Each structure stands twice: as structure tokens, then as C-alpha cells.
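Two complexes, one shared chain (chain A), two partners (chain B, chain C).
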Partner chain A sequence: MNTRPFLGWFVSPAGLVAVGLIAAMLAVFQYSVRAYIPGTLEVGGFTSANFEAMLRPLYALAFWNTVLICFETAVFTLLLAYPLAYALTRTNSSALRSFILIVSVTPLFLGEVVRTYSWMIVLGNNGFLNTLLLKLGLVDRPLRMMFTSGGVIAALVHVTMPIMVIMLAAALSHIDRNYEKAAESLGAGPIRIFMTITLPLSMPGIVAGFSTAFAWTFSAFATPQLIGGGRVATVSTLIYQLGFSSFNFPFAASLSIIGLALSLAVIALLKKAASPLERMAGTT
Partner chain B sequence: MLMRTDPMTAHTPAAASDKIRPAVQLDGVTKRFGDSMALHEAWLKIRPSEFMTLLGPSGCGKTTLLNLVAGFLEADNGEIFIDGDLVTETPAHMREIGIVFQNYALFPHMSVAKNVAYGLKTRGVEKREIARRVDEALALVKLSGFADRKPKQLSGGQQQRVALARALVIKPKVLLLDEPFSALDKNLRGSMQVELKQIQRELGVTTIFVTHDQGEALSMSDRIAVMSAGRIRQIAAPDDIYRRPADRFVASFVGDANILNGRLVEKRGDVAVVSVGDISAEVPAAPIAALSAGDALDVFVRPEHLAVTSRGVSGSLPGTVTTQVFQGGHVDLYIDAPGSARERILLRSPGIAALSSCPVGAEIGLTIGSDDIVAFPPREAA
Partner chain C sequence: MKRSPATLALRWSGRVLVAAILLFVLLPGVVVAISAFNDRAILQFPPQSWSLRWFYRAFSYADFAKGFWNGLTVTVWASSIAVVVGSAFAFAIHRYKFALRDFLEGILLSPLIIPHYTVGLGILILASQTGIGRGFPLVIFAHVVMVLPFVMRSTYISLENLDTRLELAASSLGATPLRILFTVTIPLLIPGLLSGWLFAAILSFNEFTATLFVSSQATQTLPVAMYNYVREFADPTLAALSVIYIVVTATLLTIANSFLGLGKILNVDAH
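Here is the complex of A and B:
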């Protein structure tokens, strides 16, 4: 007690928030096992019908779809962010460093809705991209990009980039440059150095960035809702539809619970699958 | 510059060193970092199988020189040759050099065997041959049972051996050692030095060793290049560096030196006669070429080259013992001699006799018992 006199005071605000959060989660859980009474916000008795309904193809597909979108988003984000993070940590030019930081981090400072609208302007039938392609004569009618999962993924990649770049850059900057110099002195060219030294040693950052990107995308709502336009069903858009269009709170709650469980399960699975990779990098 | 390298040619027959093709040669290599001159026109020839040490305080340019030879830095001016081939523009991975880094830089995600095999794999050596040579290299550094360990599971000394094996297994044209002992504790350092020197001699690999530790440099090197402020001040064998330092910096950086107030008496060709109080002595004339008879100069005398005698003996300097420090094998006496030296004089007396014969406060006479003394023009500021 004497050694940490303010600990209690410092922790209490966080404690209050935690209590609120736990209470809300318990309420959601409670709703998920109640019966839905159409036409009212009241709920009926305890039932497991909500969870059974989720096995129906419509909902199972939404879950599968969400996992797929998250996975693809994380993969593309990783592929785009790695070169940026690499350049960020390796360049000697401070101008280039600032440029990369600004380009990759600004999406964080735009609201999700603003960002999504700008993507709608880019992806729409009369949008920037299609106009450009038509003018260049590369296509003769507009490509359909809005309301497709491709469009949703493009926008989600944009959202996820900053986190991925930051996490990868952190991992890359912790690699002792002498490892690369040692490999070079032993006769390894740039590509071999990257494949045998840099890439394996940055594995912890890749795993962390990938899992974070996955979790972020799983809970994304505005982007799949606006760009998907109801035609790309994800867990979060379904929850919104059921909860706030049909006012089926019990079913929305059970979707939330399963969604949460699923995303935790996938992340745990990712971590497990990645642990040999991390061991390879010698970090554990 | 030429004058400074004189002591080298004095002890290494010029004819012989010209006939042998140098393993490493630097011709006027210069490197700038922005406005600061990291290395100024370095000229250096390293003979095959030679153990050459770059010695100097931090920031003297020794690591820059090493990185230039390795190919990690590009020279602004000058040319670098390895084994007679011009490599100034050759990328590091094609120079066939082995490096042991200060922190060893063992690949943490690979086993000991994989670390050692790395340089052979990049060369496309056949698998069975790799296994054979890795075994051989690990045996050389006495780590045979450790092939499957990860670097993290090894002690500092063992990690260093792996780093050495990894650098040597590729049969490099030059072995570069960047302060390899600085991370080891003192006892281990001594035994690793002996072992490294032994392996180096056995394999006959040309070695460039960077250190700021003059003891390491003196004990391990065939020749030493003393560096300061981006310049090579002297290149010579360790005993020459110690006995005939080419300039003030070398004299005070390598070993301890007392600075006595002297005066130039006369010059006789290569040598000059100087006087310190009643004592007169011969010193090399080259460093004081600019002075003429009667000029004041600083005479550098090693602590072990001073001896104690009775006060008033002719040819001695008067002094008073102020401190005794027992060092085990010898006794350090600190002596005030206001007429002869601006600073306290350190005298190193072998054995323990001085403990009783020269108590604190004793008024004694000092004599110089060696020909290995040098003189330099007085420091401007003093």
C-alpha cells in the first residue's frame, strides 16, 4: 500500500469504465437468450432460438463473408504497407520519411464517414476511377465497383493502412542493421538478405499487424454499409439491420455475441498459426 | 606525413614490403560525413597474413576505415585494393571479407550451424561440403557440440566464437574485427585474445583489428596504425610504437608517459642530444626537426624507464615522493619534481623494494635508465 499510494485513485476511472462495459456486455448477452416479440421492443422468455437461427445459410454466409473480407483486407494491407514501412525505416531522406508518414497516417485523422464518402466518389459509376478509365478508352462502360466486396475491401485497406504501417515500421526498426551487414559480408545480395534476414526477423510485426487489421475490419460498419449498400452482408451490417430496421434486439444481440466470439477465435487461431513463424524469428 | 611513417620503413625492409603484393591497400582514401572529415587521405599497405590493428580513441576514423574496406561505406576519394584487385566500387557482398562485429550480429533466428553455413550457402557450396566445413569451423573455435543451439542460448564468449567461425568458414581474403572483445568481461577477454591470435596465425588470414584498447593492440598486432582525428599518425610494429612514437599524440595515447621539461643541445644527423636538468640524453631527431639548439622541448619518458637514486647524485633530477601505490608486481611512485616537470611524475619500480626504500615524503633523485626516450616540440598552448 505504501509503495503505491495513488494506485487506487489512478485505476478507479478505468475501473468505472470497465464496470459500465461489463454491464453492457451482460445486457447484450441477456438479450441474446430472450425471445423476440414482433412489433415491440419488449422481449419474451428465455430461449436458444436466436442462436439456432444463425445456422441458416443467410447468416452463416454473412459470417463467412465477413471473415473472407477481413482476411483479404489484411492481406492486401500487409502487401501495400510492408514496402512503405520498409522505406520509412530505411531511407536517409527525412523528406521521404515525412511524406510516407503523412500519406500513410492521414487516413487516421479523417472520420470514417468522410473517408467512405470519398471512396464512393472514387468508385461510383460516374466516379473518378470510371471516368478516368472511360476517357482513356480502357473500358467501354463503367465497371461496377460500388456495392461489391472489392470496393468494400479497397476502402477498408485504406482504413487499415496506418496501423499496419506503424506496426511494421516498429518491427523493422528494431532489427539490428548489423544482421544485414553481416549477411552482406557473407556474400548475400539484397534479395537474399531480405528473404533470409529482414523478412523472418520482421515476422512478429507482420503477425501483430495482420491480427490487428483483421480485428479492426471485423468491427468496421460504415464502410461496408455505405459502399456495400446492403449488397455486401457482413456481421456488423446485419446487426444494424436487425437491431435498427427490424428492431429484433434479441437476434441482433445474439449476432453480436457470436461475432465477438468468432473474431476472438480467428485471432487466437492466427496467433497459434503464427507462433512457429515467430519462433523462427527468435523472438520467443 | 612521410616523416611520420619513417619508423615503419625503419623496421620493415622497404625492399621486401614492396616485392610482396599487399593483401589490402588503401591509396589516399578520404571519407567525409557532411562537413566532418571522418578519414583524411589514408595510405596503408597490409601484408598477407599480417595482423594489422587500427588503434585510436572513439571518433578517430578507425571504424570508418574498416567500413570502407568492408564496402559498407563508399570512399569520397582514393582507391582500395584487396589482394591486388581494385575494389573501390565493388559492393560489400562481392568483396569476400569476413567480419566479426562488436555485438557479433549472429542471426537470432538461425541455429549456430545455420549461422556458420550462411556464407557457404550464398556461394552455392554443395550440401555435404557445407556440413563438412561447418563442422571443421566449429571444431576450430572449440564449439563442436553446439551446432543446434540458438545464439541466445550461448554465453558472450561462445557467441564470439560462432561469429569468428562464421567469418572464417568462407576463407575470406581479409578478416575484419570491429572491437570484438569490448563486450566480454576482463578474464574472458584475455583468453579470447590469445585464442584469436593463435587461430589467426594458424590460418594465416590477413586481419584488420579495430580497437581503442592500447593493451590489446600492443599484445596482438604485427603492426599498429595509430589514428586520431581522421588521420593515421603512425604505422609501425608494437614495440616501435611504444619505444619510438612518431608524435605527441602517439606517445601519450599508447602507454603512460611522463613529460619532462628539456632543452635541445645539438643535432647529430638522425639523433639529437637533449638535456633535462643535469641529465643529457639522445632522442630521434626527426620529430624535432624544426627546433634549433637551445630551444625548449618536451621529453617523453615511460614510467618504467625512470629509476630512483639518492638526492644530489650528479645526472639526476631532484624530486619528492608524494604517493605510493602497490600494484602487486610493481610499485607506482608519484613524484613531485617542480623544476623538471609541470605535472606529477609517475615512476614504475619493479618488485616491492620501493615500498620501504621510498616512503611518502622521501627526497630522492631521478635518473633515466633507458635510451627509449623521445622529444617533441612544446605544446603551443602551454
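Here is the complex of A and C:
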């Protein structure tokens, strides 16, 4: 008797998709080492010029900028998402639970363009924040918030919040509450319970959320493009400019290869940095 | 239980903090909703005079209507294909060991980490090299790749919770593997398959970065049409469209929450 019924039927469609994806990735690799012929979509012979060009300050700076923006976004997202996830999993009121859940998850389903657009109205020179600050007399002329990396980060934090809340809440909801009760009965205060039990036990969620936030931000295009307005250069905006304004697909391809390598490296580093913390929490 | 003043202060500052963060999450939505009713053609806050004309324009602007139908076509195809392909594969990795199993799984989960623009650019280059046009199949393929990891995860979790004794019982009563699959396994997996489909559909409908690369004028989806609009015009039409988007999404989620329990789907319910 066949002990693995349907194996071929179930694996081959997925195998086909995987072949397509591998072919697409190989195409990017292949283009990244080809010469660019201005004015056509054809590519020339093999060259390493694309990767050498990346050492130029303009591109090196864009890489540094992107990593910095992603890191700051992930940190702020974590700081804002943790209290929400905590409240979501610990509140006794089911109405409040539903409210927090819907409010924090809805943005996930709105897409990057809608969310970025709403931040343009919040941050613009005639926008909500500037009007508020002027009315309160805190500033005499509008602050420039559009086209700055601060503005980009604020919007990116908002874009990344839902996924972080979900991952943290998943981790927090799986913590055995008896540990906290035991600590309380032994006389530990709420802050001590949080710092020595809840926080370390939620570490897997923090690591998962942080790396996901980092990867998502690295992938973000609409937010840095629209809020940065071309003045905040990130890897994604450069690739788009090179691909669709100058049709330099080989260089765009080599940038995305480096972008991919960089995001993989950072995620691997985060995992490595986090493993002592997870061991401390006794989860590995 | 008695509480010390310090504990109470901590409790209240926690509440204020959570309220402030919720305000931050809600703020852009509220601001965009108010701006949508602005009569003037510039983005200004607060509006000086009010009108509904941007809602009218959002519905009558041809690119949005076309983008909506394009997006719906892509979404229905992509999430349905992804559910069939992804669930079958999740079943195989859950039950069997086979050659290249971990390799295939790694490849298919990789779009979670690979930047969307890399996937988009790769598929675009592949299409131009092989002479495949930038039609719907290309966009649908890109979307299948993007949503597959979510579908696989959703089915895998359902398989973990499936009681295999039911399949064994059917088998011992003489049912063929095909019969067991269609009368026991798939019916038991339906909730997981449905939530996977729903999640895939929502992600696909909103996918933007990769779609920007692989779509053409004829196949552009709603998010791409919206992005092109915001680059050309500065009037509040997009604010009106965003309001419609927010209201529809929040309504769908509230319904999903009361019927299905969003917490259960997202795996954040306490155990």
C-alpha cells in the first residue's frame, strides 16, 4: 500500500511555483552582472561595474540610510506595540479587547498607499500637526515634516505596528499566568514581575516581531517614496528610479541583490543577538 | 484584594499610555476622514468649507474603477490558486518526508524575507527575457508567490490541530485515501482554508510594491492606480477613497471578529 498517498499531486504545483520564483531570482542575479546599454532594454556582456558603482558615496549612503531607518522604525514600533499587545491580552473587558484588536489590526488591511497618504495630510505644511502647533502658538511657521527621515519613520512605525502587535500578543497570550501569580504571592511588585517574568518570557515574540518589522520596512517603497519625496534616498526608491526612469535594469538588479543580502544579514544578526536572551527565558 | 497607591498609579499611567498609543494609531484615519469632506482642491487642515464632491470623483474616476476590477480579478485568482497549492504543500510537509522537502519549504517561505521589489523586479526581468507579456497571468503569479507563505502557515496550524484518529477510523472502515481526503480531512480543514483564503485575498488586494513592477497600464490594480493618482494630483479624491477603504475594511473586520473570532485567526487568544 502507498504510505504517502497524493505526494506527487500535492507537491508538484508548489514545486512549479518554486521553480518560477527561483528562475526570477536567478534572472535578477544574472542581470546584476551584465552591462547596461543606455536607451535599450537589452543588456551587454558580463561585468562587475554595477557592484563597483555601489561603493560610490551616493549609493553607500542610501544603504546606510535604509538600515538606520529600518532599525529606528523597528525600535519605535516595538516600544509602541508592546503596551498595546499587553493591554490586548490582559484586559478583562471583552469590548475593550475587541476595540484594541480592531483598531490595531485594521491598518494591516489598508495597504501601504492609503496609510502613507493619510500621513501626508498629517505631516504636510498645511496639515494637521502644523495647524495644531501653529494654533497652540508652539511654532511661528510650519515645521518641515514632509520630505524628512523623521516623517518617513513616523509613517513607517504606523505601517509596521499591526504586525508587531499581532506577534507580541501571540507571544504574550501563550505565557502561563501561574508564573506571575506565584511571583505575586511571594511578594514581588508589578514592575518586578514584569521585568523578571513577563518580559523575558515574551522575548521570542519580541525577536520575531522586531525582525519582521525590520524586513517589512526594508521592503517598504510607497512610504519613503511619497513622504520622502525623493529627498530621503532608500534602497527601494533608488531601485525604482533606476528601473523606471533610466531603465538601467542591470544596476537596479545589483542594488536589489545587495538589498536582499543586507536584509538577510541583519535578520541573521538579530537572531544571533537574541539567542542568549531566549536562552535566559528558557525557551530554547 | 487591596491595592497600594503605587500599584494604582501604575495601573492608571498604563491606561493613559495605551490610550495615547491608540490615538496615534487612529489619528491618520481621523485626519484623512475630515479632509475627505474638504471643498477646496488642496490638502489643507482643517477644511474651510465642506462638500461631498471628492467622493463623487473617487467613484467616477475611470482608473480607480478599472483598478478595482483588475485588483478583484487578480485577488480572486491569486488567493484561490494559493489556497489550493499552499494547502496541498502544507499537507505534504506536515505528513510526509520527501526529497527536497526543506529546500522547497524554504524557497516558498522566502518571500516573507525577500524585499518585495526584488521579487517584482525578478519576475519582470524573467518575463522580458522569456517574452511573456505583462498580462494578468504575470501579476497573478507574483501575487501567488507573495501570499503563499500565509496560506501555508494557516493550513499547517489547522493540520496540527486536526484529530488524526478520525482519519484512522475512516481508514479502518475501509475508506480509500481519496475518500478520506474528501470526506474527512478537507471538511475538517475548511475553517483554516477559509481564513487562509481571506487573509491571502486581503493581502493580495492591497499588495503594492511588487505589483508596481509587474503590472502594466492595462493590468494595474487599485493600489497602483492610487499611487499614480497621488503623484499627479493633490486634491482630496484619494482621501475620499481612503475613507471608503477604511469604512469597508473596519466593517468587514468587525463582522469577521463577531462571527469567526479574529483573535483565534490571528492566534492571539489566551489559552
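By definition in this document, the second predicted complex is superposed on the first by the 283 of 284 C-alpha atoms of A that agree within 3 Å, B and C clash if a C-alpha of one lies under 4 Å from a C-alpha of the other, contacts with A are read in each partner's own complex, and residues count from 1 in each chain.
Quick note on the criterion: a contact is a pair of C-beta atoms (placed from the backbone, for glycine too) under 8 Å apart; a residue touches a chain by one contact, two chains touch by 3 or more.
Please read all numbers here as calculations on a predicted model, not as lab measurements.
Once the two structures are superposed, chain B and chain C can be ranked by residues of chain A touched, with C on top. When the shared chain is aligned, no partner comes close enough to touch A:R144: not chain B, not chain C. Contact with chain B, but none with chain C, is seen for A:I197 once the two complexes are overlaid on the shared chain. Of the two partner chains, chain B is the only one that A:G187 touches; chain C does not reach it. Of the two partner chains placed around the shared chain by superposition, chain C is the only one that A:G124 touches, whereas chain B remains out of contact. In the superposition on chain A, A:K271 contacts neither chain B nor chain C. When the two structures are aligned on the shared chain, A:R231 is found in touch with neither chain B nor chain C. Overlaid on A, the two complexes show chain B and chain C touching the same residues of chain A, namely 189.
Residues 6-7, 10, 14, 17-18, 21-22, 24-29, 31-32, 35, 42-46, 84-86, 88-89, 91-92, 95-96, 98, 104, 107-108, 110-119, 121-123, 125-126, 128-129, 141, 144-145, 148, 177-178, 181, 202, 205-209, 212-213, 223, 226-227, 230-231, 238-239, 241-242, 245-246, 249-250, 252-254, 257, 262-263, 266-271 of chain C are the ones that touch chain A when the two sit in their complex. The touching residues of chain A, counted against chain C in their complex, run 2, 4-7, 9-11, 13-15, 17-18, 20-25, 27-28, 31, 41, 80, 83-85, 87-89, 97-98, 100-107, 109-115, 117-122, 124, 126-128, 131, 158, 161, 166, 169-170, 173-174, 189-191, 212, 215, 218-222, 226, 235-236, 239-240, 243, 249, 252-253, 256-257, 259-260, 263-264, 267. Across the complex, chain A is touched by residues 70-72, 91-99, 101, 103, 105-109, 118-119, 122-123, 150-152, 166-167, 170, 176 of chain B.
Interface residues of chain A facing chain B in the complex, by the touch rule stated above, are 176, 178-179, 181-189, 192, 196-197, 200-201, 280-283.
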